[in-house]
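Note that the chains take the letters A, B and C in the order they are written out, and that residue 1 is the start of every chain.
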Amino acid sequence: MGLSLDLLINAVIAGILLGGFYTAVTIGVSISFGILDIVNIAHPAFIILGSYIAYIVNQSFGIDPIVISLLMMPAFYVLGAGVYQIYYEAFERHGQESLRGLSFFFGLLFVTEVILILVFGVDYRYVEAWYIGPSWHLGVMDFPLRMLVPCVVALALFAALELFLSRTFIGRAICAVAQDQLALRLMAASPTRIKRIAFGISIATTAVAGALLIVIQPVEPSVGRDYIGRVFAICVLGGLGSLPGTVIGAMLLGIIESFTSTFYGPSWAPAVAFGVLLLTLAVRPAGLMGR
Amino acid sequence: MPLLQVTGLSKRFGGFVALDGIDLAVAAGERVGLIGPNGSGKSTLVNCICGTLVNETGTVRFAGEVVDGLVTHERTRRGMARSFQLPRPFGTLTVADNLRVPLLYTVNARRRPALRGAELEARCIELLMLVGLAEKAANLPRDLTQVEMRKLELARAMAAEPKLLMADEAMAGLSQSEVDDIVTLLIRLNERGITIVLIEHIMRAVMRFSQRLVVLVSGKKIADGQPETVVRDPVVERAYLGQ
Amino acid sequence: MQNGIFLLVSLVVAALVFFAARALNNDYIFFAGYTVLQFIVLATAWNILGGYTGYVNFGSAAFFAMGAYASVFFHKLYPLPIPVLIVIGGIVSGVVGLGTGYLTLRLRGAFFAIATLALAVVLQTFVVNWDYVGGSRGAYIIRPNQSPLTGPYIHYLFLLMLVLVVLALACARSIERSQLGYGFATIRDDELAAEASGVPTLRLKLIATTLSGALMGMAGAPFPYYIGYLQPSSAFGLEYAVNSIAMPMIGGTTSWVGPLIGAVLLGSLQQIATVTISSAVNLLIVGLLLVGFVIIAPSGIVGLVQHGWPRRSAK
C-alpha cells in the first residue's frame, strides 16, 4: 500500500487529539442521555452557541476563548437548568417524553441555528489565540497545538466530572437517580432537583466544548448538525451512562475519522460516525462498557 | 405433560441476580398462586416467561414447545397471556377498542374465518360484560377508576383467548369486596378451562384462589405445594410470612 | 365514508382545485401551490410514522432528496416520464426506510430518531461526493416548456402533485380506519402491552417506515423538474425536516386531517413570509411555532377543535 510510517503515526496522533476534543463534546450527552435518559438532540446547538459567544468576546476583548468558556459555565448551567424545568413541566411529568420531547429539542436545535444565521450570517467565524498555528514537534510526530490544548482541556474536564460524580454527594445522587428514584427520595433528595442539576451541568459543559470547537475549526451555524451523529455514536459506542466509556468511544471515533480523512479524504468524515453508530447498534447496543 | 414448564431459568441485571435457576411446572387447568416479598423476582419471572425479558439460562416450554426464541406476540398467539402489575391500557383507544386489539391480532391470527364486524363487536361487549365494564365501552381508559382499570387489564388479557393467564398483582390497592370480585372472576375463568397463575400479595385472595402455592424469595423458589402446607412451612414463614 | 367513495370525492376536489387554478391564470399560483401540495404529501407521510406509531423521523429531507436524486440520475442516464420517476423515487426511499428501520427499530424509539437525523447528514455526504449527479456543484435539469396534457409544464407538475396528495391522504385515511391503524395506535400508546396483546410490533413499524419513506421519495421525484437546478444543500435542506414535523404536530397527529391543515396553513404562511420577509425569518417562525405547539397544544389544531384547550392529566 506504500504507507509511510510517518503518515500513519500522525494519523493516530491526530485521531487521539481529535478524540480528546470529542470527549468534551460528548460528555454532556453522557449525562443527559446516558444517565438521565433525556434525548437532548439540541446538545450541539448549545455547543455552537458556546462557540459564538467565545467568538464575540474574543474578537471584542481579545480574551482567550477557553478562559471565556470557563467563565461562561455558570451562565450555561442556569440555561440548562431552565431548559430542564420547561422539559419537565411540559413532558416528563406527564410521561410523554418520547415524541413531543424529541420534537421539543429538535425545535430548539433548529431555532438556535436559524437565530444564529439571522444574527451572524453563514460566514465562517474563527478565534485567535497563541496556540492556534504553532505545532509541537517530537521526532516525526506532529502535535498541532490548536488540537493539543483542547484535548488536554477536554480530558481535564472529564477528570473533574468523573471525580464529581464519584466523590460528591450530589454526584452520586445523580448516578443514583437513573437507577432508583425511590431510594433517592428516602435520602431526602428530590429527584427532580437532582436531575435539574445534572442537566444544568450537562449544558455547562457545552460552553467549554463550544470554545474548544472554535479553536479547532472555524464555525458557522450549521456545523452543529455534523455533531449530532458523532455525539450519539460515541455515547452508544462507549456505553450509555459510563463516562470513561465516553472517553474510549471518543478516542476510537477520533482515530477512525482521522484515518478515513487521511486516506480517503475529509469529505467522508460525517459518514464515519453514522457508520459507527449503526454498526454498534446492530452488533452490541450496550456499547463497550455499557451497564 | 404440563402446560407450562420452566427449567433452570436465570436472569441477571448487570451484577444483580434477579432469578436463580427457577423450575416451575403448571398443569393444564391448574390454579397456581405465586407469592414472595417485593423484589423477589415474581414480575421478572412473568416477563421472562412471556418474552418481554430474555433469560440468560434455562428453558421455557409451553404446550410442549420450546418458546425461548420467540418474541412476546408470538407467545401470546400460542396461548400465553398476562396482565400487567401497573395497568397499561391503550390510552387513546376506547375501552371497547382496547379489547378489539387482542381480538384482531391474536384471535384472528388463529382462527378462520376471522372475527369481523358485528361478531367482533359482540365479542367485545361479551368480554366487557364478563368483567362488568359494559357501560364504559365508549369511554377512554383515563376515565376509569382503579378497579375498572384492573378489570380492563384482565379483560384485555382474556380477549386473547389464552390457555394460560398470568395475572400480575391484579388486586393491589383494591377494597376487600373488590378483591373478592376479582377472585371470583378468576375462578370462573378457570372453570371455563383457562390455566391461571396468580401473582399476589393479598394472602386471603391467594389462599382462596390457589390449588397450589409457589413461593419465591430473592430469586429462588423456596416452596412449592399445597397452600396449607406451604403456609405452615417454617422456611416460608421466616422468609416471607413473618413480615 | 367508504374508502372508494373518499377516493372519488377527493379526486373530484383535486380536479376542481386544478381547474380553479387554471381559471385564475396566474403561474405564481401554480408555483406556490406546488410547494404547498408537496408539503401536504411530506406532512402526511411523516405522520404515518410519527403520528400513528409515535416514532419520530428527523431525516425527512433524506427520503425526499433521494427521490429527487433518483430522478436526476435517470435524467442523465435515460430520461423517463415523471410518473415512472415517481414510482422509482418511492421504491428507492421505501427501501432506505425499510433498511433504517430494520437496523434500529428493535431498539428504542430514540435511537431510530437519532439514526434518521444522522442518515440525512450521511446521505448528503454521499451525494456531495457523487459527481455523476452533480456533486456539490449541483445538477441542471432542463425541463420542457410545454407538456402534451396541460399546456404550461408547471401545470403538469402541479397536477401530478395533486394526484400524489390524493394518494397520500387516501392512504393515511384508510390506514387509520383499518386493523393496521389499531396496531399503529397501540405501538404509540404502549408498545409492551401491544406485544402482549399479540401485535407484531416490529413488522408494523417496518411497514410504517417503508410507507412513510416511499411517500416522501415520491414527493421528491418531480422536484428537480420543478426547480431546474438541484443542489445538495437545497434538496437536503433542514426546512424539509422541520416542516414535515411541524405541520403534523401543529395540525394534529392523530388524524389524516391534521397534516393537511398544518401543511395548508403553514405552507401558505411560509409562501407569504418568504416573499414579504426573508426565508430565514420564515423558518424561525416555523421553529418557534413547533416548540410552542409541542409545549402548549400537543394535540394540535385538530385537538383544539375536538377537545378544547388540553387539560393536563395528573400523574
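Throughout what follows, a residue touches a chain if its C-beta (ideal position, glycine included) is under 8 Å from a C-beta of that chain, and two chains touch if they have at least 3 such contacts.
Treat the numbers as computed from the prediction; the structure is a model and nothing was measured.
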| item | value |
| --- | --- |
| Highest-count interface - the chain pair sharing the most C-beta contacts | A-C |
| Most remote chain, CA-based centroid, reference being chain A | B |
| Geometric centre distance via CA averages, chain C-chain A, whole Å | 32 |
| Euclidean distance of C-alpha centroids - chain B vs chain C, Å | 42 |
| Residues of chain C touching at least two other chains | 188, 313 |
| Chain C-facing residues of chain A, complex | 33, 39, 41, 86, 90, 93-96, 98-100, 102-104, 106-108, 110-111, 113-115, 117-118, 222, 225-226, 228-229, 232-233, 236, 267-271, 273-275, 277-278, 281-282, 285 |
| Residues on chain C engaged by chain A in the complex (per definition of touch) | 50, 54, 56, 58, 103-104, 107, 109-111, 113-115, 117-119, 121-122, 124-126, 128-129, 188, 238, 241-242, 245-246, 249, 253, 280-281, 283-284, 287-288, 290-291, 294-295, 298, 312-313, 315 |
| Complex contacts: residues of chain C adjacent to chain B | 179, 182-183, 185-186, 188-190, 192-202, 254, 313 |
| Contact footprint of chain C on chain B as seen in their complex | 50-52, 71-73, 76-77, 81-82, 84, 88-93, 97, 100-102, 104-106, 109, 142, 156-157, 159-160 |
